[in-house]
Amino acid sequence: MEIWQGLAKAVELIMNGDQALGTIVALSLKVSGIALLFSTMLGIPLGIMLGFSRFIGRRLVIALLYTGMGFPPVVVGLFVYMLISRSGPLGRLGSPLIPSLFTPEAMIIAQTIISFPLIAGFTMAAVMGVDPQLRQQVMALGATRWQGAWTVLAEARVGVLVSIVAGFGSVISEIGAVQMVGGNIENYTRVLTTAIVLETNKGRFSLAMALGVVLLALSFVANVVMLRLQGRTLDE
Amino acid sequence: MEIWQGLAKAVELIMNGDQALGTIVALSLKVSGIALLFSTMLGIPLGIMLGFSRFIGRRLVIALLYTGMGFPPVVVGLFVYMLISRSGPLGRLGSPLIPSLFTPEAMIIAQTIISFPLIAGFTMAAVMGVDPQLRQQVMALGATRWQGAWTVLAEARVGVLVSIVAGFGSVISEIGAVQMVGGNIENYTRVLTTAIVLETNKGRFSLAMALGVVLLALSFVANVVMLRLQGRTLDE
Amino acid sequence: MSEPIYQLRGLAKTYGDHCVVDVPELDIQKGEIFCVVGPSGAGKSTLLRLLNFLEPPTRGTIRFHGRDYGPLDQVPLEHRRKVTTVFQRSMLLNRTVWANVNYGLWLRGDRSSGALVDEALDQVGLKHVARQHARTLSGGELQRVALARAMVIKPDVLLLDEPTANLDPYNVGLIEDIVRKLNLDHGTTVVLVTHNVFQAKRLAHRVALLLECEIVEVAEVHKFFESSDNPRTGAFVRGEIVY
Amino acid sequence: MSEPIYQLRGLAKTYGDHCVVDVPELDIQKGEIFCVVGPSGAGKSTLLRLLNFLEPPTRGTIRFHGRDYGPLDQVPLEHRRKVTTVFQRSMLLNRTVWANVNYGLWLRGDRSSGALVDEALDQVGLKHVARQHARTLSGGELQRVALARAMVIKPDVLLLDEPTANLDPYNVGLIEDIVRKLNLDHGTTVVLVTHNVFQAKRLAHRVALLLECEIVEVAEVHKFFESSDNPRTGAFVRGEIVY
Amino acid sequence: NAPAPTPTSVPPTKVPPTATPVPPTPVPPTAVPATAVPTAAPTAIPMASGRLLLATTTSTRDSGLLDFILPDFEKAFGVKVDVVAVGSGQAIKIGQDGNAEVLLVHSRAAEDKFMADGHGTRREDVMYNDYVLVGPATDPAGVKGLKNAAKAFAQVAEKQATFVSRGDESGTHVKEKDIWKAAAITPEGTWYVPAGAGMGAVLTMANEKLAYTLSDRATYLARKAEGLQLEILVEGDAVMFNPYGVMLVNTAKNAQIKGDLAKSFVDWLVSVPVQEKIGTFGVDKWGAPLFFPSSTLYQAAHATAPAAGLKITGLVNTPMTLTEAEVKAMPTMEAERANKEGVVEKYTGVSLAKLLGLAGVKAEATTLVFVADDGFTSEVPVADVLKCEKCILSFRSNGGFSSVLPDFSNKAQVKGVVEMQLK
């Protein structure tokens, strides 16, 4: 059966240390890793703010954030495309700070936009799940704003962890946007997902499946490492 | 600029009550709605179980769940394709219970698989964030297992709500799998996302953007309704 | 005398190799107010959790309504529902006070008018906070709401863990009256954990001293406080350190 | 006498139109043990939150270390760090006991050996639970850990909200000794909320009676309990209902 | 495959649908006799309601062709045709798995393999379009107007001008690789961008990068109408033709395949009216058709048209009717002959001897009669013609044939030959 063929092929690819595969995996990890870093840096503070403060327009921001979780990647891709395209408002400037289309940098921008609402939304939920009295307790002990936020985050660690895991999942598995702004150029912007689509289009389903298995193995390992780093939080 | 053209076109399409658009929107909502229902029905109990109980292999299940959040939709699509293809292990049976490829039912299966790890993972995190003493309190008051679980869910409602929102976001914005198993057949399996990709490939960026805007408007409205139903939870 | 409501036999609870409760034999009579005193960390709250079947014991059994419940036994809902606890640290649900007090009734499928809820809130002097959100309560209000919530379900056994710790003298008296009334009018068996020796004196029929997981003495209240044979009881009551 | 550590002027806190604290004028002296008593829901805990700058008042100001803090003022970190509270319902972080007690020091960037932490735990008699997880503590242990956590940061002002509510007589005595010692040796100003009239008598220099958000009487401890001018004070002490 | 024919007509875009350029795959000269051609579309099977799944490549759907023709079929047969448009490879895979009834793809080698492996039970030519080399208007490699694709590619490589490749083993990509091979170049280096994306995406990318790329004409024209700035630089080379075939999936694969309906669909698709409709698609919008019909039936039918066909009749083993396209698909040769003014002119055409050989001249035949479209006739001895190596039937620049028999009298030079009769 093809599913087994796919598995067998995956093992074979990994065992043989296929070089093309290596390049693709490295690029996938690099792009998704950096995008995850950015979206964590954006999403967690926003999530904390939404979880802690009550301000006018907060509900609107939350509704927008929720909508952001449903941003179709291809629309984000389109949007980034239009912005940084040669004829787009940013691309026109020709500034070296603005990445060109069909570069890993453009992919990172798109993936950051895709994953940060997830991270912000879940961080907000996790932070809101922490008893407000604990926040008061922490402030009473002399925490600065940042220390207080950090402590509450640490208390909500399962939720925050899951938010980062979900963010990682959303970027590593994303196709529409990286295809759109990255262009799936071999050895340059081809990542695992676009490679999978390519093989699928060629009708080479078992190879596509094998790449899929590699991708899943990769995120499984990443998650196990994450769980390890996390220590015993989940068993508490 | 094309982004504005897209917006204008979106407004125009909606205003004119474009019939093709109506069909697409209805199908998107139907498929994603049913898939969300299924994945909620699967994911919430699993999340509760993982959050409440400590059993052997729990960590493994969690690591698998986290990995599931990073399932590339196209791989899920491929997997479902291989299973229910007429030459696949299930499709071969020719049972009327097993949906054929290129039908909305096949899309629902794929989307359910895609979204349930998100829902289960976040439900787990939300439930784990609830003080275990509250669970004891609830049991002491004479709750059955189910009532206890329900009450804890209600306490963790922000987190559970966000998990459902994220699940909705993941299915409504998903492309790879619906394209693969749905085939993007006009008036039958064409949903908003596949329509967007189609228009993008045709180079009709502003129409694609317009569809994207419609999709976002749709999930915005869905989220606002959800927040409304939720009452004041988020302001507490 | 009728059969005891609880019969504890060889009951023990340990965390790791740390013994928290170890009761070779203890009967609690139907309809009595049984008071448990003892230093901090002695295992009093743990004993109550065992009596409410919230945790399985490590060893031994609790006989309740004709059945022995050991470490692996599932306690059926109908038996669990005969007992309830007001915890030392009460947890209210994130709802209004009224909904919290109604919760036990709701669990039992009782969708009646809620007159019971209003009445219970009135008894604990908190009718005016019924619509308030549980999170806004003061410490003493919280404690009284927790008691009201336990009362409405009319349990056979009421386990009270420091029910007046956060209350002022007037409210302490109010709560004590309620407990006494429940015991007299409904025959509710009460197991009361308290550090307030005077309260134990005022309410209890029998008192037990729990010291480092073991029950050192069980005696009638007068005997316990006035003419205990056990020197450690006297020391505990005087606020001296006891081992 | 030196300048008071707190000067409250026209201070009020309301939730909606429900008045919770309303103090036209009150000074708390540096180095005194100031005790606040009053019925449940009077506003005692709220007053402490105001004194710890955890909530802004609705009206009025608190003068502290030469500055007036009103409804809109940000209290600088250095001033906030001079005060800490042991809450009525202490919240520990989801960590070990030791880490909890160390937390205040960690916040202040103090990465020293932790000898202070061990010492504080020893003082409250909990050296043996240092490695235990905070969630496993008994009620009384929790309360003592919360006190130890507040002590290690050596605050100028220590706000104690029912610090011995869950403790047995021996531990009550222990904690009272600690508080007295802190006050004598370090000159720590203590504001103590308690329902234990005897405790107030034992510890306080001055006592205030808070009744439905207003301070009805402030007096020297002996005067307050033995020869109060205010009939309501007497009624409160006797456990009668007071308005 | 047979050697590519050289088209002498104007590039396909400017040709009206009936005046087709040379089809990419030579049609076997044994065409269906005109009499056997059903010219009407198959009539509807009244009860055949249901769904028919057609797996096809994106170009047929994205160009709008299917929307243009399918409603007719749906109406006539009371069925719904579900179109799944994917990569050629994936479409073929879908057919192999038995998940579709009919395939409409353009990947000749894969199609032949599909048939050879028994996955399909019938294959028919449907139509073709062609590939074009597009690039920025500035044309940094200076290839504009070249007629030879390989040469243009070589020039792009030499100038190291950016070239975006589909890189996805699609029909287009395979064709591109063929051309590189013909140019004897292995494309490598930063200038060569293997994108691994669909045609639309690659055009977008080339537009953005000011690069060259090989595109099918349909997608290019569609994108051009949406504001693409690239221009056609090279077109018309015979190697750039792109034939589409329709295949019936083997009903033996599984019971769910609707074989009868699928057969009706194929019959319908290759029928002359439908083919003619295909030939008109896009004319109104782009001034030229996007696809050129090429089913056997269509070609046979159009062979009877007086101006565009050739009959071989009389004393032959197999009387035949050839379309102009069929004739042009045959191997060509050149002949020279002085005109009335004595100037020597070159003519391209098909060897008369070979043409006659196809039909098989009977031994008793003595005379060959050329019949012109205006009814003019002229006779020459058969034996001389069969011996003559330089005698051809030349292609006229605006369609039709002329006989060019260099060493024969002027009488033998007939313009507008529509029939060759043997007596």
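Going in written order, the chains are labelled A, B, C, D and E, and every chain counts its residues from 1.
Operating definition for what follows: a residue touches a chain if its C-beta (ideal position, glycine included) is under 8 Å from a C-beta of that chain, and two chains touch if they have at least 3 such contacts.
Because the structure is predicted, anything quoted here is derived from the model rather than measured.
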item	value
Chains touching both chain A and chain D	none
Farthest chain (mean CA position) relative to chain B	D
Pair of chains joined by more contacts [C-beta pairs], B-C or B-E	B-E
Most remote chain, CA-based centroid, reference being chain C	E
Geometric centre distance via CA averages, chain E-chain A, whole Å	48
Centre-of-Cα separation between chain C and chain A, whole angstrom	50
Length of the line joining the C-alpha centres of chain A and chain B, rounded to whole Å	17
Where chain B touches two or more other chains at once, by residue number	88, 131, 200, 205, 236
Of all residues in chain C, the ones touching two or more other chains	89, 135
Multi-partner residues of chain E (at least 2 other chains)	86, 198, 201
Listing of all chain pairs that touch each other, if any do	A-B, A-D, A-E, B-C, B-E, C-D
Chain D - residues contacting chain C, complex	15, 37-41, 44-46, 88-89, 129, 136, 138-142, 144, 161-162, 165-173, 195, 197, 236-242
Interfacial residue positions of chain A with respect to chain B in the complex	1-3, 54, 58-59, 62-64, 66-75, 78-79, 81-83, 88-89, 118, 121-122, 124-126, 128-131, 156, 158-159, 161-162, 165-166, 168-170, 172-176, 180, 192-193, 196-197, 200, 205, 208-209, 212, 215-216, 219-220, 223-224, 226-227, 234-236
Residue ranges of chain E in contact with chain A within the complex	86-93, 167-170, 193-198, 201, 205, 208-209
Chain E to chain B touching residues, read off their complex	53, 58, 62, 80, 82-86, 96-99, 198-201, 203-204, 222-223, 226-228, 253-257
Touch list for chain C against partner chain B, complex	49, 52, 54, 77, 80-81, 83-85, 87, 89-91, 93-94, 103-104, 107-108, 133, 135, 149-150, 153
